[in-house]
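Consider the two complexes below, in which chain A is the common component and chain B and chain C are the respective partners.
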Partner chain A sequence: MAGNKQWAAPLRNVVVLLLVWEVVGRLDLIADGALPGVSEILIGLWNDRSDYPLHVWETLKASGLGFVIGNLLGVVAGIFFVLIPVSLRVFRGLNIAIFALPPIAIAPILSLTLSGLTPRVVLAALGCYFVTMTATVIGLSQSDSRAADLIRVYGGSNWLIMRMVQFRSALPSILSGFRVAAPNAVLGAILAEFGGGGRWGLGAYLLGSLGRAEPERLWGIGVVATLIAGLAYGVFALMSHRFVGASRAVTMNMSVPEKAGDGSNRPLSSILAGAMAVLLPFLFWWAFIRLLDVPAMISKTPIGVVEYLFFSPAAQSAQERLIAALWETLPITGIGLLCGLSFAFLLAISSRLFPAFLRAFMPVALVTQTMPLVALTPLLVLLLGRGTSLTLWVTISVTFFPAFVILAQGISMVPRATRELAMAYGASAGQELRIITIPASMPYLFAATRLTVPRALLGVMIAEWLATGKGLGNLLNQSRGYMDYGMIWTVAALSVILAVVFYQLVVVVERRVLLRMGMSTAE
Partner chain B sequence: MDMKLSRRRFLGAAAAGAAASAMPFGSFRAMAASPFAMQASWINDAEFAGYFLGLDNGYYADEGLDMSYASGGPDVIPESTIITGRADLTLTTPDTTIKAISEQGAPFKIIGTQYQKNPIGIVSLKSNPINKPEDLVGKTLAVPPVNVISVEAMLKLNGIDKADVNIVPYAYDPTPLIKGEIDASLDFTTNVPFTISQQGAEATSFLLYDFGFTIFNDTVVVTEETLKTKRKELVGWLRASRRGWEENFVDPTVWPPKWADSWFKGTGRTIENEIYFNKAQQPLVESPNGIFSMAEDDIEACLTALGQIGINGSRDMFDTTLLEEI
Partner chain C sequence: MPSGGITFHGVCKTFSGRGKTIEALRDMSLSCPSGSFTAIIGPSGCGKSTAMRIALGLEDADKGAVLIEDREPQDATRAGLTGVAFQDAALLPWRSVRQNVEVPLEVLRKNIRDFAPDVQHLIELVGLKGYENALPGELSGGMRQRVAIARALVTRPRVLFMDEPFGALDQILRRQMNLELQRIWQESQATAFLVTHGIDEAVFLADRIAVMSANPGRLSVVIDVPFERPRKPELFSDPAFHALCDKVAEVLHGGQ
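Now for the complex of A and B:
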């Protein structure tokens, strides 16, 4: 009975939503018909049914392979980082750099340097690695220190603690990482298919279909992509749900975490780790190019970029264009970041207050994550124009989802007993949130902020590329056309460096706040 | 596809082998077909009809070429594939190729051109027509970022201040044009008008070429290295491709339907669109001197137009001697 009730309301909401969509679409109410009705999309899917199997299979192959590789690396790396804390510091730069790589900037680089299915798999894997690695580390380091203490008291090793306490309590978090990674893998594969010139794959199909001015087809492709991602999402959401019950602490841990014991008290090794963190991404960049043996005209090493930007004949013009582009891109990125985070936070809070609303909203949210933005551009441009509001909406849609998943996870991990204590003393739902849930999920708010920073930059660049024709996104696209390889690499490198710097700023604030609150950082 | 190709190749090679054994001192080139990779500049559509036909009819095999064909896409910079050695020959836009040669010292040679006249033009709706550059003043024009300099050059050649035209990015989908969010867009005039007619509107267009921006397109480009080591193959490629294009243009409506289940399968485009494209491109590809030819006047016109946008090419970037050997 209870189960039935739990699903009746969201189901009703979804039906209402689809009905409204259908009416609005059929009557061409939105953007003069740029949004087709649900039935029109389904009819289109049916008419095109013979086209899909080969494309879907190709996308499944690439995104599935990327998903497995990226997540495997993510979990293994996450465990490694928690077992040997100093390694997290050494690899920090590389981790953030991988996360901050804007897919639209590296897709052409991957197409240049790799061939066949590889660029698609790599892009899909890159979309998974960081999310899962972070989720693993968060999960492992947020485990109940009391259980770990118990094992230590009985003489257990770090590895035993990892196996019996940390890994178990981290499972829900890891699975929620997979959940976010699934749409990322699909989108990554589709993006590489879109640009890479292959014959099959939903991205290739999308590119060929764009010129038809038939929104039904574009939405059809989006729906199929969403189904693939949604299925994967659903499986991991279900698994995560089942594990949370088994591993959540019944009471709250009141002990204050010990100060970071990873060598930060020894200044020399701390400086060394910091230096390694900065150097490692450049080392990998350099090694990538050396290993692939791509001619120097196309692939620029870090030194090549410095040369291009400061010592080449094109240096001055390159600098001017870059500074102008940055000036256009950076302010709106900051605003977009705030908007995306606030939206995610509101959603996560309402997931506690109005769970039914959230369950109805989730399918819509998923569509926004897997619907390739290039397919939505006409709709967005017709609705929002080509100015700031479009850029902000694109940025919110690119940022809110991962942030929301992390925040919702954090909120659901707050022990029920603590919440009930507040309620027992007569606190309202709002007061309880303010006193218990929000402070208790602070580590997750910061983790979400860190996740969001590079994505905000990406969102702005996508909007610039597709609609506004300004800033870094436009510069990148233009350089691709002019074979300005120096600029392609410069924009990619600069966007990563910027994202890393912002990320670091968040970390500094985070450390101070959490230390004062007696909480540990969710790395 | 592969099956069909290899069967044709086998037949071609067998025939050539028989001929060779009949003439003891004859050429052996067809006996062992040499692998030859071509990189196209976009996804499979009628723009590449001549090559599909040449492959299907075994024209490349006749020249002793074991040709592989790779389609392109937005992230595929055609010139890059010949630098990395993934392709022997590619189709490019002459502005990027010549810019790369003159500014980065790229070792490229242009050995022919598919389009005598660049099909890129300004497309607008008949209900809000833009028939000449002057009509663009005060209007919003969507242009792929890559082509912005070409448009600016055309505006300059026609005495229009680029600040008077609102240029926004064009993202492959003509919907904003059909809905009137933009007034015109820059695209292949051989292609988009069809889409617009399918949506119940009528299009009008003019070529940048006809307003002073006189450049080729889909120029056939190889590296200097390939030109040295594979000259015979390149001439063979030009000859086979010319045969393919000539056959295709005997009746441009014949071939696209035949490729519905091979070259055009699942591209997302319609066969009617390809027929429209194929018909529309005929006058832009054909030349009195033969397909791919590059007349001295036309090379001169191409260089002059590019000079207007600061791309300084020279005659020696073009090599017309292979065309003479066809």
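Now for the complex of A and C:
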């Protein structure tokens, strides 16, 4: 019975939401019918039923293959990083670059240098790699240190500990990595379809339908993309849940965690690892081009980009266009990010005061996690037109939901006893917030910021590419049309570098603040 | 001179972290003859667990050395001479009782099938017959601890290390387990090294009690326990037993 009750409230909310949607849609209340009713979307899906199988199959193939490859790489890399801790520092730059790179920025590059299905698979795999790698590293390093000691006491090697203890106990974490990676894979495949100009795939379908005034079809494509990602999300959520039961330590591990012996106290090796971390992404870039053997006119090495931007005849004009685009993109990214995060923070904190609201809203927020965010942009175009407000709203919506989920889950982890202590002395709800909930949520606020910085940039660039015709996203799209390869590579490199720099800034501030507050960072 | 058992020769160990250095062990020398039962007792931070971790080869000593059956700790563990039971059962939650007992055999690359009767015998010895296929999550705290004891004995160790093996149990269960441990140890004839917080546990089980003190961690005195074996539960209420407990307590508090 308890299970029934648990499901009843969210189910009721979903039904109410769908009903309201249907009525509003049928009456064309929003932006002259930009929001069709649920039944209209379903009818649209039925009418287009002959189009979907090929598009879906194409996207499924690319994202599925990318999902497998990216996750495999993620798990193997995670195991490697845990077995050889110093490698994590050396690869840090590359890992962050992969995490932070806006997929849309490198989609044109991949389409230029690779052929067929490969660019889609690569972009899907890139979307999975970081999530799964992080989940693997966290899962492996959080395994029971006492069990590891036991193996070591009998002369077992690190590899044996990995095999007998760590890997099995990291399984739930790895599976939840797969869960989060699933929508990323679909997103990556669709974005590559945008840049690739192929005939089939949901991305191509979306791009082709964008110009026509058929809101039902755009919504239909969005729903299908979300369903694919949501299904994969659900399957791995279920598997992860199954495995947790048998892998949680039966008793609490009270022993102090060992400090990782990664040589961080030796200044020389520390500097060396840092330098490697910065150099490695460029080395990979260079090696990528060398190995592919693409004509030098199309593919630019790091040196090629510097040449183009500063020493070529077109340098002057390139710099001007780039600066104008940055001036357009950066402020709106910042504002959107700030708004999204503030909304999420305020809502998450106040949901502490109104738990019923949180219970109702959380499922909605979780559903948006499975939604590939490209599917969102065309819908917002329908609702908001193609102005700057569109870019802002896309950015807010891609940052708000993930930030809210992290914050709400983080806040719910504040130990009950801590809160009850304040209550026991008669603290008001406001006092409790000020003294306990807000300080306790700081690590999660930073974690949310770290996570959403790259998403904000991606959101802005997608909106610019698809709709507004301004800024970096547009410059990228235009350069594709003009076959201005130097600019394509420059924008791609610059947006990755920007995302990494922003990310790194947040990390530095986070460490400072949390150290002062005596807290550790949340993952 | 070869003597077997466990010998600590002037072992020193300092830890450094966050600008502070902690002297966990200063010049510890102790020898536990073959087949004896030694209990190590002391306040938190006196280095008793560190001493054990060094003897097990989990940490290296800064100075001095430990010999297990006249070998380096890591050689001894690799040769399967040592058995160990930690503060907490530390069972692998996804393995059954039998599979958990088999872990050391697997690590030492023994053929598990050859040891099947041994494993069964040990599981029965610790009173878990019928629970061979249960998962740790289905067992009580005392039962889990007994699995850990069986696991510690499965390699037929010459030296048995125990770090507060009953620390998480209540007083009643603890006494019961003490009795069982004495029986099992006598049967195994191994050299036993028990790290504990419990004075009565140490006095009941050990031939000798090494009392340690903190800041820096060091050995302050070794007290002999004269009671005959096998020791009966009645010993817990013997005045001589209490007198010895008081003596240990006195040294413990004086040592600070």
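In the analysis below, the second predicted complex is superposed on the first by the 348 of 523 C-alpha atoms of A that agree within 3 Å, B and C clash if a C-alpha of one lies under 4 Å from a C-alpha of the other, contacts with A are read in each partner's own complex, and residues count from 1 in each chain.
Just so we're on the same page, a contact is a pair of C-beta atoms (placed from the backbone, for glycine too) under 8 Å apart; a residue touches a chain by one contact, two chains touch by 3 or more.
Remember, predicted model here, so these are calculated numbers, not experimental data.
> For A:V165, decide between first (touching chain B), second (touching chain C), both and neither.
The answer is second: A:V165 touches chain C but not chain B.
> Have a look at where A:T395 lands relative to chain B and chain C in the superposition and call it first, second, both or neither.
neither
> After superposition on the shared chain, which partner residues are touched by A:A467: those of chain B (first), chain C (second), both, or neither?
first
> Is A:T333 touching the first partner chain B, the second partner chain C, both, or neither of them?
neither
> Using the superposition on chain A described above, determine whether A:W200 touches chain B (first), chain C (second), both, or neither.
A:W200 sits against chain B, while chain C stays out of touch.
> Considering only the touch criterion stated at the top, classify A:D51 as touching first (chain B), second (chain C), both, or neither.
first
> Would you mind checking which one, chain B or chain C, touches more residues on chain A?
Chain A has more residues touched by B than by the other partner.
> Scan A:S351 for contacts with chain B and chain C and give back first, second, both or neither.
neither
> Mind sorting out which residues of chain A both chain B and chain C touch, each in its own complex?
none
> In the complex formed with chain A, which residues of chain C make contact?
Against chain A, chain C makes touches at 17, 56-58, 74, 77-78, 80, 82, 84, 86-94, 103-104, 106-108, 135-137, 141, 144, 155, 168.
> Please name which positions on chain A make contact with chain C in the complex.
Within the complex, chain A touches chain C at residues 144, 146-147, 149-156, 160, 164-165, 168-169, 245-251, 253-255, 259.
> Hey, which residues of chain A end up touching chain B in the complex?
31-34, 51, 54-55, 107-108, 111-113, 115, 192, 194-200, 204-213, 215, 217-218, 294-295, 297-298, 314, 374-375, 377-378, 381-382, 386, 465-469, 474, 477-478, 480-483
> Contact residues on chain B for chain A in the complex?
These residues of chain B touch chain A: 43-45, 70-77, 79-80, 83-84, 86, 96, 99-100, 103-104, 106, 144-148, 167-169, 171-176, 178-179, 181, 191-192, 195-196, 198-199, 266-270, 273.
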